[in-house]
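Let me begin by handing over the structure; questions about it come next.
Letters A, B, C and D mark the chains in the order given here, with residues in each chain numbered from 1 onward.
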Amino acid sequence: MIKSETAKTPLVDIQSSEDKRNIPIDRVGVRQVKYPMHLRIKDNGMMQTVGLFTLTVDLPKHFKGTHMSRFLEVLGEHNHDMTAETIPLILQRLRERLDAETSHLEVKFTYFREKAAPVTGKKGMMGYECGFVASGGATTDFEILVTVPVTTLCPCSKEISDYGAHNQRGYVSVRVRPTPDNVLWLECVIDMIEACGSAPLYPVLKRPDEKFVTEQAYNNPRFVEDMVREVALAFDKDDRILSYEIEVENHESIHDHNAYAYLKRDKSNL
Amino acid sequence: MIKSETAKTPLVDIQSSEDKRNIPIDRVGVRQVKYPMHLRIKDNGMMQTVGLFTLTVDLPKHFKGTHMSRFLEVLGEHNHDMTAETIPLILQRLRERLDAETSHLEVKFTYFREKAAPVTGKKGMMGYECGFVASGGATTDFEILVTVPVTTLCPCSKEISDYGAHNQRGYVSVRVRPTPDNVLWLECVIDMIEACGSAPLYPVLKRPDEKFVTEQAYNNPRFVEDMVREVALAFDKDDRILSYEIEVENHESIHDHNAYAYLKRDKSNL
Amino acid sequence: MIKSETAKTPLVDIQSSEDKRNIPIDRVGVRQVKYPMHLRIKDNGMMQTVGLFTLTVDLPKHFKGTHMSRFLEVLGEHNHDMTAETIPLILQRLRERLDAETSHLEVKFTYFREKAAPVTGKKGMMGYECGFVASGGATTDFEILVTVPVTTLCPCSKEISDYGAHNQRGYVSVRVRPTPDNVLWLECVIDMIEACGSAPLYPVLKRPDEKFVTEQAYNNPRFVEDMVREVALAFDKDDRILSYEIEVENHESIHDHNAYAYLKRDKSNL
Amino acid sequence: MIKSETAKTPLVDIQSSEDKRNIPIDRVGVRQVKYPMHLRIKDNGMMQTVGLFTLTVDLPKHFKGTHMSRFLEVLGEHNHDMTAETIPLILQRLRERLDAETSHLEVKFTYFREKAAPVTGKKGMMGYECGFVASGGATTDFEILVTVPVTTLCPCSKEISDYGAHNQRGYVSVRVRPTPDNVLWLECVIDMIEACGSAPLYPVLKRPDEKFVTEQAYNNPRFVEDMVREVALAFDKDDRILSYEIEVENHESIHDHNAYAYLKRDKSNL
């Protein structure tokens, strides 16, 4: 069982040994990699946040394994500039270092932007859970993930009740594939979604603001079905968007389960 | 580095070897143990659910380690009857098997009960996240954990707005220490808490029910501060309760953060 | 803004009102529904566990909304018998009650089975996270989800080190589509996966068992790449399986990130 | 039910109205507030990360509620410099703005630092989950939270097995109260903890590094009990530390549950 010392100089590269099972693997790599990242944002700025990465490549059938440490080395070289233009370069570098046909990157992060209250203009930072999913090489793809919390007020509850209407926090999660020639900023996707809720959420609301958003929500009741359709209409009108998936999940204030709607659309098929 | 075969017959009990660091350990054992459990409920029934257990004992300074497999053996002997009366027996068995002074058990589980809609009477099952925290031996204690989701409607939003009022799902989490001589059923704690919200939640609500709870919530606005105080008043009045902690967290429909209130009280100090 | 009382008798069905946005929705329904469930298991037994359900139907473009309470009513009628044969009946009932073309059910639950230690035979219950994903109506499908924790010992670490080898808990998550004519029990999928690790996990291991599994793992080193391939070979050989996805994630003991491999295969394309 | 417009000018401050329930509340405020933060680190640098905040004050018995928006305003003024010296200023500002006796802040964040592989020196960033818990006013306190992942190799498995030994990722979570006159950097706490594992974890390990840490772990077997004791010994020797709690949780590679040890010690009681 014990291997002789001499057999191990230099250290054997087990991963590169031949595999005879004849099974190529779609994706091999590292996951749940927490890493600091700098995100390029609209108007040429940069913001710093924390990324949770999955980095993979394909593995041909004749190799036993990939070389996991190289993924971290490539990430360490490129975490200082993440954007739709630089991610293809990271993907290319992964293919080179790992000797692969296809490479794949997924990253999730909190994107912050300043947001002012609707009446008093009081400002605070609001965070949005966002992400990128990208492939390069034999398959090329780039998708943007954005989750936006909104207020939704139930149209049925409003209609049937003598006063009041149940409302709640809802989450709109979209996966958007932009056209190759356009830049689609996270900011723009968030704006489109926030316009579709009964009311947007805010970090700071003083009393006049609270009155404003309460009445705004009551004046704009939305089912999850309405939310999905309104976001779809906005995405359909936007030429920067090729295809999309929309999920809306309302954390119903009258139930302990959620109301849910899902829509997937490839505009090239319309 | 390689140990001779003969040195290992019979298998050494490393855990029982002497430790010279002179440090007794408060709690040693197993955690995140998922196990089926049978819970005794009010009116002599039993319900089956899934428990997530932490089982520990104290470790005297002269022992290197505890014997982890015995915790699972004791759990396997006793998971068929969990209740305020049987948990002390499990704790006693843990002390015997582990040769310990003090034993400790924590378990979290979903407790289900049937709940009828307020107008139509339509029934469904509603789940509540509950738990027990118990110690036996040198220290003896028993506490009940219950989390109840409720509707909360904002008194400020109602007062300042011409119509509507923001409301949301809130979670009331309590930790209650009953008096030793009384039985305090999960059902009773849940009932006390549900009575304190703007409205309770339900698994099934038809239109007449939805109208009812919408108006009920509008008629009973509650801040997190109100919730904590109302639950405290109910617990203060109940002789079965010795001491308690109450946490209320509203998933505000107008913010992406939560409103929060916390109160801890030992009634023997009043 | 205030609606007259008379306008509301009987209560209006807002959901059934006409929608002019011309957008059919793929899936509308309820999510994160926690409900007790009875699962039919191999050898004609039943086990009780806790299900986390998503239930949806399609929504034609001319309806404003679905009727969310009916999903809970159907679930309440059918949670007492979940299996590959009964789920199509639930799906059919959903289509009837919601007047829909297609219905969809997803459920996740912990499946428990007794497992004996490899040498001493000491028994305990071991839980596995499992699930079903099923569609009925215009689209018909049924898939089984199973996650199995295993020990994986690194072939590279073993080969290059003079003694020892890093190993860790890994999770194999599969999504399997059985052939329509066969019954594929969760038990069988779990067995196939556990046979592919460096060693299986156990609820109870006494010292002779611990020696056994330690040496077993050292004798059977496995990369995530090996795991994915071994499981694929087992699934390829099994006629009850039409297509599958396999994900393996090792919680590396030498890193704070995970090693990952993913393979998707439709056997009809081979 | 409908309130006249005139009754609402200016907007009533419901929160400040008198409460007659006679119940002061320990803590009222906001929770799950995600906000960008700048953390002062050793050697005068600053790092930017994402904080998850809980901010509370006490609420006297005669007030109905607190003013939630002010917490966000104070956070927005101070998130650009978080450290042991600036947090008391934030706490003071909270008391002023909320007219409170006691204020409380909790924040959790990922702290990153560069870490070099032990043989090749290859560098990468490694993240650690950290936090601060602080009170100011009538009660003054400051505690540091640090969670460090480590490798742990089982002494029993090593001793009884002819070859190999099960090892796994473990998590050491400490809550440390420094002496008021000393600065205790996160970096120092992390270093003390990493020295106690069978081996530390690294972001990047090449083959010579992997050989090194594999053998290092095999040469330094540690139970959770050993981990807790070794960290306690290190904390006992360090004059900057007044009191501490240590939790170690091993994600056992041979079980699907965790091994666990917990120790709490106030050095002033020694």
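The criterion applied here is as follows: a residue touches a chain if its C-beta (ideal position, glycine included) is under 8 Å from a C-beta of that chain, and two chains touch if they have at least 3 such contacts.
Remember, predicted model here, so these are calculated numbers, not experimental data.
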Give me the rotation angle that lays the C-alpha atoms of subunit C onto its copy subunit D, rounded to the nearest 5 degrees.
-> 180
Tell me, please, which chain's centre (mean of its C-alpha atoms) is farthest from the centre of subunit A?
-> B
Between subunit A and subunit B, what is the separation of their C-alpha centroids in Å?
-> 34
If you average the CA atoms of subunit B and of subunit D, how many Å lie between those two points?
-> 24
What are the residue numbers in subunit C that touch two or more other chains?
-> 1-2, 11, 34, 72, 127, 156, 160, 162-163, 203, 205, 207, 211, 218, 256-257
The answer for subunit D against subunit C in the complex is residues 2, 126-127, 149, 151, 153-154, 156-157, 160-169, 199, 201-203, 205, 207, 210-211, 213-215, 217-218, 251-257
The answer for subunit B against subunit D in the complex is residues 1-3, 5, 8, 11-12, 14-15, 19, 21, 23, 25-34, 54, 56, 59, 64-66, 68, 72, 155-156, 159-160, 162-163, 218, 223-226, 228-229, 232-233, 249, 256-264
Contact set on subunit C toward subunit B in their complex = 1-2, 11, 13, 34-36, 47-50, 69, 72-73, 75-76, 79, 110, 112, 122-125, 127, 162-163, 203-208, 211
